[in-house]
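In the two complexes below, chain A is the common chain; its partner is chain B in one and chain C in the other.
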Partner chain A sequence: MMDIEYIDIKSFRQTMLDRRAAGMDFLREMIGMDWEAEGLGVIYILENSATHDVEELAVRITERDRPQIPTVSDIWQIAEMYEREVYDFYGIEFAGHPDMRRLFLRNDWVGFPLRKDYDPSETINPVRLESEKNEEIVREYDIAEDKQLAELVEKMKILHYDQFVINIGPQHPATHGVLRFRLSLEGEVLRKVDIHCGYIHRGIEKMCESRTYPQTLAFTDRLDYLSAHQNRHALCMCIEKAMGLEVTGRVQYIRTIMDELQRIDSHLLMFSCMAMDMGAITSFIYGFRDREKLLDIMEEVTGGRLIQNYNVIGGVQADITPGFAAKVKEYCNDQKKRLKEYYDVFVNNIIFRNRSIGVGILSREDAISFGTTGGTGRASGWACDVRKRHPYALYDKVEFKEIIHTGGDCYDRLLVRLEEIVESIHIIEQLIDNIPEGDFKTKTKPIIKLPEGRFYAAVEGSRGEFGVFIESHGEKTPYRLKFRPMGLPLIAAAQNIMKGHKVADMITIGASLDYVIPDIDR
Partner chain B sequence: MIDFTSINASIESYLQSVLPAQVATLVECALIAVCAIAAYLVFAIVMIYMERKVCAAFQCRIGPDRVGFLGLLQVFADVFKMLIKEIIDIKDSDRALYTLAPFLVVMSSLITFSCLPFDNGLQVLDFNIGVFFIMAASSFGVLGILLAGWSSNNKFSMIGAIRSGGQMISYELSMSLCILTLVVLSGTMRVSEIVEMQREGWFIVRGHIPAIIAFLIYLIAGNAETNRAPFDLPEAESELTAGFHTEYSGMGFGLFYVAEFMNLFIIAGIATTLFLGGWTPLYIPGLDGFNAAMEWIPGIVWFLGKVFFVIWLLMWVRWTFPRLRIDQVLVLEWKYLVPIGLLNLLIMTVCVVMGWTL
Partner chain C sequence: MEMKKPVIKSIPYEEFKDNETLEALIAEINKERTNVVVGKLDDLINWGRSNSLWSLTFATSCCGIEFMSVGAARYDFARFGFEVTRNSPRQADLIMCAGTITHKMAPVLKRLYDQMAEPKYVVAVGGCAISGGPFKDSYHVLNGIDKIVPVDVYIPGCPPRPEAILYGMMQLQRKVKVEKFLGGKNRHQKRGELPAEPIIVTNHPVKEDKEQ
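The block that comes next holds the complex of A and B.
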């Protein structure tokens, strides 16, 4: 249950500046809202990166035609992306924002889909067959004296056509999915990077609003498919928290073990893809060879290799198989030996070291400001592991090290992942022999109604904090369900750190940040 | 041992006896061309198959094993697939240059290929500046790559072509320096003489330290010349999709592909000729019985054995290392390989003048 403090829009900017000055340096989440009669609004979840104190603030505005809220993108850099998302879904314009374009939908989209009065009729937004025109001009609104309404003051070009502009993606081997970069080049050096997302935007949050709670579970595996278990864990946890449902010890054990297996899976894939992006195809196959064994184990338990649908409200879908423990142990022992091979063939290779050390440095301040949690944040020296910050499941009972590196470059980002595999194996080994007997699922009613209120639960996904926010009005469907994407902060940071590097480095940086597109686009 | 010189002579005298002189020469030329092209294709097929199997072995895989016995027909299936593909028309491309480019690349490698001495007498062209001719012929392939990149009207191709131009012209330099080092050691540029001189000890042994350094630099530069990993930036799949040949489909791409493999063969062939004794057998002074036994193995077997050994070395490198970045490629060449190569040339000259060679 969240305790939200409403701020008056007149004092909004000052309050936010004060909060930042008071050490709230991590904008954990920014949630656009449509409260109908009470107007549109935004909920901000702030966190102090040192003390882990969390604070929830909200701002409301009753104007619906052209609602304007002052920007916070100059206070927290990630807000630049989040505000574009809120603008895209709710039409709230952020005064002072340097680049107020839609983020996911097409520029010619009519209406704002997450507003409650949105008309989804096909006559308004037909399936358009012609391709989207690049929007070449961005509008910037000034922050007026009273820090409120503002006028269009400036037109700025995104990319100049006297520059050599190349387009990477949405279909490109190194974008790991349908992400599109527009690069302005000077020789081989990047001058400006403009990222376009939304090519796999499915409107999952909108769809959730018309689904019952058990039905919403199906979407989580399709966000970041490499942290399917963790995503679903977060949503189940949030719903269980709201229902006041306590899951059995056996479920906690199974969920923790599966989360860690999924993390190993994701990190192996990250290592492999980074190797392939840099031309080391043999290392890629090594990583996939070992990941295959892990997927076999997961398939045996959950029935799926990528989309697993394992967690359900109150427990898990099916009990673990009898041979599970033995297989996991065998795999863990094997994997520890295999990791040495990765170092021999790729990580300690002189070419790889030259190409990654000192490339794409993300400072600790920037990492916090961009909210790049997960391996990327930890490679920059920011202790941002949700498992340590806000422990859940069994993470306060097991012993493990939070891997922190301070270089903040591509090399450190890979090392963090590889070392986290060892830690995950360590966690699994502590749990696998002690799985208690009990039910693997607490019985729940087919229709679940959550009490009125707002709930937030977060887990450490494979590439950062995955959060679920639910606002319930006592119905059987959520009034608003928001997922905190792990990837959006990563590409926001990417846009900044790629500048000044070469084309080849851009690929390395992208691979080392390890984003997954469906998670960004949702 | 088969001596191809006498076989050649008998074919020539036979043709001369049944045909007028000019026609006989023409027929000879045609015969040679057919043989060279046939050999070129056969080796390309062998190497593509070899690459797949070697790569599979390095990656703990099996490799092709479905088409034909042990997958031997896989390459033919691939060629067939390429042949039936549509040749696409690129908007605003320079059609003439676009069509010409793959042929330039193949021509360059075909000419160089014909100059390799496969065995005693089994060589198309043997004249007093043979090594020089090989260098010249092999270096105009870059022209085809540049044209391909330019005429495709594609920014990826363009970047790939520019990278390729920078890289290949740079590495030409250290390759030539290495060859020059060996020319200093042998004192001749005629290919057959260079091979003949190695009958009693390969140059990599007789030239000891400077020859070994030259061999290593030659392998690195040769790898860069062929645009293979870790120097595959011109086509850097993960950055430029396919670099200079992005816009080629069907046999246009097929020609680039074949030329790339044959350039690898040529690099290995030149390395074998200059450093590893060409078609001469292994000779160890003192072991007369052993040397006599080695003599029984035909020269062409020796040559191909050595060539495929060098190719295997290069494939090992290809399937192990990640790709370099363009500035690192150029730094490696201009700051390390060229100075070392120049110094090495000096050392070799001193060695030869002082008679310190073996």
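The block that comes next holds the complex of A and C.
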């Protein structure tokens, strides 16, 4: 249950500046809200990266035609993306924001979809078969404090006409999905990177508002399909927390083991894809060969290879199979030997080292300001593992090391992932022999209603913190369900760290950040 | 000469589903008598075409990962001649549309399809590409790519298993084998003329489901 402090809009900016000065340097989450009669608003979740204190703030505005809230994008860099997202979904303009464009939807889209009074009819927004025009000129609002409404003061160009602009994506093999880059070049050096997302925006958050709680579970697997277990774990945890439901020890063990198996799966895929992006097909084959063995185990337990639908509210879908422990142990022993091959064939290769060491450096301060949790943050020296910060499931009972590197470059980002595979195996080995007897699922009522309130739960996904926010009004459907994307901070950081590098390095940086687009776009 | 039933090595003809569609296609072609020389040449060309289908990788979400698995060591689609994936539509024979198509992506898909050279095929992989899948009632998802491009093979699943993708690709091979290439697929298209409607081979009665 979250305890939210409402701030008056007049003192909002000063309050936020004070909080930042008080050490709240990590903007964990920014949630747009539509409270109908009480107006629109935004909830901010802040965290102190040293003490891990969390604070929740909210601001409300009753104006609906042109609601305006002062920006915080100069205080936390990630807010630039988050505010664009809120603008896209709720139409809240952020005064002082440098680049107030839509983030996901087409720029000729009519209406703001997550508002409660949005009209989804096909006649207003039909499927258009011509591409949108690039918006070269954006609006910027003056932040003058004495004015009631910020005025349009300047027209700023995103990419100037005299620059050499190339377009990469949305359908390009090196963008890991459907991400679109517009690059402004000088020779071969990137001067500015403009990232367009939303090519796989499926409106999951809006759809969740019309689904019952058990039905919403199905979407989480399809967000970031390489951390399907962790995503679903987060949502189940959030709902269980709200219901006050305690899951059995057996469930905790199974969930923790499956989370770690999924993490190994994701890191193996990251290694393979990074190798393939850089032209090392052999390593791709090696990585996938070992991943298939892992998928066999997953398939035997859950019935699915990639999308498993395993966690349910109160437990897991089905009990583990009899030979599970033996197979996992065999796999773990095997994988430890295989890891050495990866170093021999790819990581210690001189070409790869030259292309990755010192490329795309993300400093610790930037990592925190951008909120790039997960392997990317840890490669920059930021201890951001949710398993250590806010332990859940069994992570406070097992012993494991948080892998931290300080280089912040592409090479370190890969090393963090490979070393995390070893740690994950270590966690699994501590648990696999001690799975207690018990029910694999606690019985729940057929219709699940959550008490009124706001709830937040986070897990360490494969590539960062995956959070779930639920606002419940006591119905059987959530009033608002928000997923914290793991990838959005990563591409926000990518926009910055790619500058000054060559086009070929852009591919390396993109691969090392390891984003998954359906998770960003939701 | 007459067009014969398509043969796929090591899988008997009867074990494939939806043979009726192909038989109808063969019957249609057999109505017109074909010259033996042209017919034999057709067979040869189709043999070559069906065993080197180059796909445009168009992976938007989860199904793309399974498609990558098909390309890797265990499933290894090089055994069947699909291993060449192209990133330019101008060099590809077919689009593997693996994943959800949203409103923002729809113009891109249409444009890529239009850029491909004839003869071209479309394979819809996964529930999202077939009908919108779990996101059917979303405000931003296209309910099936067959609304904007003609689809030749539907591969259901969420995501389909690698075996299903291989099976779907074999169905496409069979379809390619029973086409009339010279004077049929390969004839000169007149300016402004629309391409012929494709004949749909399915593994699953998707069409009927939709009509209900």
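The working rule: the second predicted complex is superposed on the first by the 519 of 522 C-alpha atoms of A that agree within 3 Å, B and C clash if a C-alpha of one lies under 4 Å from a C-alpha of the other, contacts with A are read in each partner's own complex, and residues count from 1 in each chain.
Rule of thumb we're sticking to: a contact is a pair of C-beta atoms (placed from the backbone, for glycine too) under 8 Å apart; a residue touches a chain by one contact, two chains touch by 3 or more.
Just so it is clear, the model here is predicted, and its values are computed rather than measured.
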Which superposed partner A:Phe440 touches (first chain B, second chain C, both, neither): neither
Greater chain A contact set [chain C / chain B]: C
Which superposed partner A:Pro120 touches (first chain B, second chain C, both, neither): second
Contacts of A:Arg289 with chain B and chain C, given as first, second, both or neither: both
Contacts of A:Phe400 with chain B and chain C, given as first, second, both or neither: neither
Which superposed partner A:Ile281 touches (first chain B, second chain C, both, neither): first
Touched partner set for A:Phe112, first chain B, second chain C, both or neither: neither
Touching partner for A:Phe94 - first (chain B), second (chain C), both, neither: neither
Which of chain B and chain C A:Tyr44 touches, first, second, both or neither: neither
Contacts of A:Ala218 with chain B and chain C, given as first, second, both or neither: second
Residues of chain A contacting chain B in one complex and chain C in the other: 172-173, 285, 289
Chain A contact footprint on chain B (complex, rising order): 55, 58-61, 155-156, 159, 229-230, 232-233, 236-241, 319-328
Touching residues on chain A, where the partner in the complex is chain C: 104-106, 113, 118, 120, 125, 127-132, 170-173, 177-178, 198-204, 206-207, 210, 218-219, 222, 225-226, 269, 272, 284-285, 288-289, 291-292, 295, 305-307, 517-518
Residues of chain C touching chain A in the complex: 57-62, 64-66, 68-69, 72-74, 87, 99-100, 102-108, 110-112, 134-135, 137-142, 147-148, 158-159, 161
In the complex, chain A residues that touch chain B: 164, 166, 172-174, 188, 275-283, 285-286, 289, 345-346, 349, 351-352, 354-355, 502-507
